[in-house]
Amino acid sequence: MIPVDLYLFLSLALFIIGVIGVLTRRNVIVILMSIELILNAVNINLIAFSRMWSSVDGQVFAIFIITDAAAEAVVGLGIILALFRNRETVLADEMDMLKW
Amino acid sequence: MLLNSILFDFLAGLAVVSAILMVTRRNVVHSAVFLIGTLVATAGIFLQLQAEFLFVVQIILYVGGIMVLFVFVIMLVNLDVTLRFPQFNRQKFVAGALAIALGGQVFAAYWIGHGALHFKGSSSPMPAKNTEAVGQALFQHYMLPFEIASILLLVAMIGAVVMAKRRV
Amino acid sequence: MGHLIPQSIMPYVLPTFYGIIIVLLLPLVSGYIVLVERKIMADMQVRLGPMRVGPHGLLQPIADALKLLIKEDIIPTSADQLLFWFAPVVTVTMAMIALSGLPFGPAFQVADLNVGLLFILAASSLGIYGIVLGGWASNSHYSLLGALRSAAQLVSYETAAGLGLISALLLAGSLSMKSIVQAQNDQGVWFAFFVPFGFFIYFVASIAETNRAPFDLPEAESELVAGYMTEYSGFRWALYFLAEYTNMIVVAGIATTLFLGGWLRPFAREHSYFPGTSIEFLDLLPALIFLAIAGYCFWRTPRQPVYVQKLVMAAVGALCVLLAGTMAGSLFAPEAVRLGIHGAFWFIAKVGAYIYCFLWVRFTFPRYRFDQLMRLGWRFLIPLALVNVVGVGVGIVISQTWGLSPFFSQMVMCVPTLGAAFWLAASDKEGQSGTEVRAADGE
Amino acid sequence: MEEPRKNPGSNVSTTVLGADEIILNMGPQHPSTHGVLRVKLKLDGERVVGSECYIGYLHRGVEKIAEHRSYQQFAPYVDRMDYVAAVSNGLGYCEAVEKLLGVEAPPRARVVRTILTELQRIASHLVWLATHALDIGALTPIFYCFREREEILKIYEKYCGARLTTHAFRIGGLQYETYDGFENEVKRFCQDFGSRIDEYETLLTENRIWTGRTKGVGILTREDAIALGVTGPMLRASGVQWDLRKAMPYAAYDQYQFDIPVRNAGDTYDRYLVRMEEMRQSRRICLQAVDNIPSGPIMARIGKVLKPPPGEVYHSIEAPKGELGYYIVSDGTTQPYRVRVRPPSFINLQALDRMVRGALVADVVAIIGTTDIVLGEVDR
């Protein structure tokens, strides 16, 4: 059986890559996608622990996280569309006015 | 289980490589494609962890739903133009270094406390009927969070409609 | 054979074998579905259809495939090379993966997962990417519009299709394709009769999901030239085509399994034996059908104009005789073999009937406009599907609480659903007049 | 690597295109622009916010050619303008020259002309219905329509040897006497055709998708239609009762009973209904005319060489697509000094922009279809 550690390392790697994406990219859509990556990394952890304890509780939490990710993506993309209509940009550092 | 191990290495490698490519590609559509790659690889890992229902949920909801939405929005906003601008912001070196430092910190913590944390490999098998077990847990033990999640989705839905509408 | 293959690989041998059969046969089958489609279209349009290549155009699909193979492969210079190459492959692969979950009979199934139906839906939901990315990668406005339409349409109608399927799942109580068929065997009635609205909703939504007329907006040829396929040619185009027809088989297979009794024979629980034997009357039907086709082929053979065509026609006739022999011979074989062969026949026959309905609809109706399509999906099908799911659930509870027959309670619950359907249709009309006002505003 | 900083106060970046707008070039090679029409559409999503027509891809200089041909020599050229209604074009030209010469075709010729022209109207409307339905996605009507059109073309072929560019009429009357059984064939066609129209209507008229696609689409108000000079079925669908066959009768139309269908909404559906009814009326005219074709000569007494007196004439007829007018100036020689054609398609196409604004891409093809243009006539 594959030790749980490996899953944790995989999850850590994806998490860090996601954080790098959030911190360095200018495009809001890529930033949102990086956040999805981070949430996904968390899911791997949860499922791995769920397997470790042979209990479905972790999977239930993962479902909640996917729900959350869906809500976040929908609202985030709605904001991006609204911003794009008004400012005609998707670059995060140009959206620094808090108004338009 | 050699086969299992090879499968894990393949899927994990696919996930990490796609994730790196996703963050580094200039073209946003390529980024989205590589994120889809990561998500599918993760779904494979879920399957390997005997979470069949989560595997299907990941594919249908995440890949088939959320990511389609992403791709849709990427195509709606005219991206050829923004491609000409630099894709990384000015703090990219500092931010990258900090993020890697964070990763190193977590890894170091794990390395130092290796003995203290005991991750046993799974011993007992998962419940045979995964879908039914998840359903039971969702609708009995986690009933309230489930309903709250549904309200969250409703709120998000209304929010998105309001956001995307041209004239409110 | 058992000692040649290591024990650990044994469980993978048969599925791999089936998988290879599917991959090899699928292009041929799709080609012949196209031929049948053209023939049916010709019949409905008072003409003959393909008649030149082989007798009655029987070799036309092979000629078409050859022509597509040797065509020049064009990639537009401004296209995104990688995704342009990748997109058709995704679509075909996902369609084939979805096919692997279908039970073509009690014996022929690549994989019987306990989340079987969800697996098929997951795989077919990934097929969108081939269309969307292909349309985007072509770097053409027609393709992009087709891709956007396709993304919106598939996501919307997946919801309706899923809700339609749930009504049958509630009755079956399982996601495994085999258990669903088994449940219909136990009930003795196909679920299409239990939940007619679920079947109707899935039928409409599945036409939309496979991009067939009247919902073929992503490739609407009179508006978007060919939609997402505009820039594709040669074999890449053929891959898209293959995927479209594979998807048709997949949705037809899902509908067959969930609503039409899968591989079960009509009247599967009625047994009327020949006196003194264990052979049933109805089990002779497949053999008789093949014999009839063979008879037609032999009757037409002397009338073919060319010697080669006579040969081909006779060969087809002989093939049908062979199939009829197999069908009849399997009656004397062990139970498992008989069920396997006859199950596959009935499954394929039902899939064919379902696809025929697709074609019929296609040649009869004009195409929807995009806003009308969305309105139909969101304002009619999805609310109706929700009402239907609730109705079916209540019906199940009623039959369990008061011990009524499940069929009767479902029929009772159909009444409110029917009312909802009429109400929704009426309110849809109001919406239509609303667009007229809007169109007038736009003037 | 320094990014171009923009003025934070500016609302619109000059380098970024309009947020939702794209330019879509429809044609000149597109399945449903009926030839080589090119429409440049400005789209907001799928909604049309502006359109521009580019024509001339099929320009052959027909009017200029006329200045170097004798009057008779030019007659075949007019068939190449509206090639799905060649007979009507020929009728208009022949009558215009006859008017210039001051002669009149004999009664028998005029009745035969009327029959052939009305058959041509049916054929032209059948082509319109077939392509229009195909544009909207109905795959089947095209084959039914072409089945009937084939019957008409067979009559033409028997009469004058050509099916499409017929050159059926001559200045002063007819070249050919009707063939044996002409009356019977026309009558049989007309009798069958009544039920055939009903067949098309069963496929389309009450169909929910068809009404959804055509009702309220491409509305052209009465005022707009008059202001833009739109004629033919499009004008009549906008509520104007104007038909040259009634208003200024030519050929033998004053002898027959027929109605002018008029509808008021001015949308695609009404234009569809008007054209369907026009086919029925054409059938009615044919049935009346074919029963009593007067006997007598088929050619007026004109010389072999035509030298009309100096002067000018404008003569117009009700072609299937609208008012088809010929303005001919003669300088007394054997060749016209100037021929100007008023093609209905060209004028009707002006209304396209008015109709497509605010519509969806799918409506654009429906509207192009309902305008019933033939590019040969638009570009000449």
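First chain written, first letter: the chains are A, B, C and D, and each begins at residue 1.
Just so it is clear, a contact is a pair of C-beta atoms (placed from the backbone, for glycine too) under 8 Å apart; a residue touches a chain by one contact, two chains touch by 3 or more.
This one's a predicted model, so the numbers in the text were calculated from it and none came from an experiment.
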Ask   = By CA centroid distance, what chain is farthest from subunit A?
value = D
Task = Give me the ID of the chain with the smallest distance between its Cα centroid and the all-protein Cα centroid.
result = C
Request  = Starting from the mean Cα coordinates of subunit B and subunit D, work out the distance between those two points in Å.
outcome  = 60
Key: Whole-Å gap between the CA centroids of subunit C and subunit D   = 43
Key: Chain centre separation in whole Å, for subunit C relative to subunit B (CA means)   = 32
Whole-Å gap between the CA centroids of subunit A and subunit C = 36
Ask   = So which stretches of subunit A touch two or more other chains?
value = 84-85, 89
Key: Junction residues of subunit D - those touching two or more other chains   = 16, 19-20
Remark   = Flagged in subunit C as touching 2+ other chains are 144
Inquiry  = Considering only the defined contacts, which subunit C positions touch subunit D in the complex?
reply    = 41, 44-47, 141-142, 144-145, 149, 213-214, 216-217, 220-225, 362-372, 432, 435-436, 439-443
Remark   = Contacts from subunit A onto subunit B in the complex sit at residues 1-10, 12-21, 23-27, 29-30, 32-34, 36-37, 40, 43-44, 47-48, 50-54, 56-57, 59-60, 62-64, 66-75, 77-82, 84-85, 89-93
Key: Interfacial residue positions of subunit D with respect to subunit C in the complex   = 22-25, 30-32, 46-47, 133-140, 142-144, 147, 203-204, 207, 209-210, 212-213, 215-217, 219, 354, 357-365
Query = Mind pulling up the subunit C residues that touch subunit B in the complex?
reply = 8, 80, 82-83, 86, 113-115, 118-119, 121-123, 125-126, 128-129, 132-133, 136, 144, 147-148, 151-152, 154-155, 158, 175
Task = Quick one: which bits of subunit B touch subunit C in the complex? Just the residue numbers, please.
result = 3, 27, 29-30, 33, 36, 40, 52-53, 55-56, 59-60, 63-65, 68-69, 71-72, 75-76, 129-131
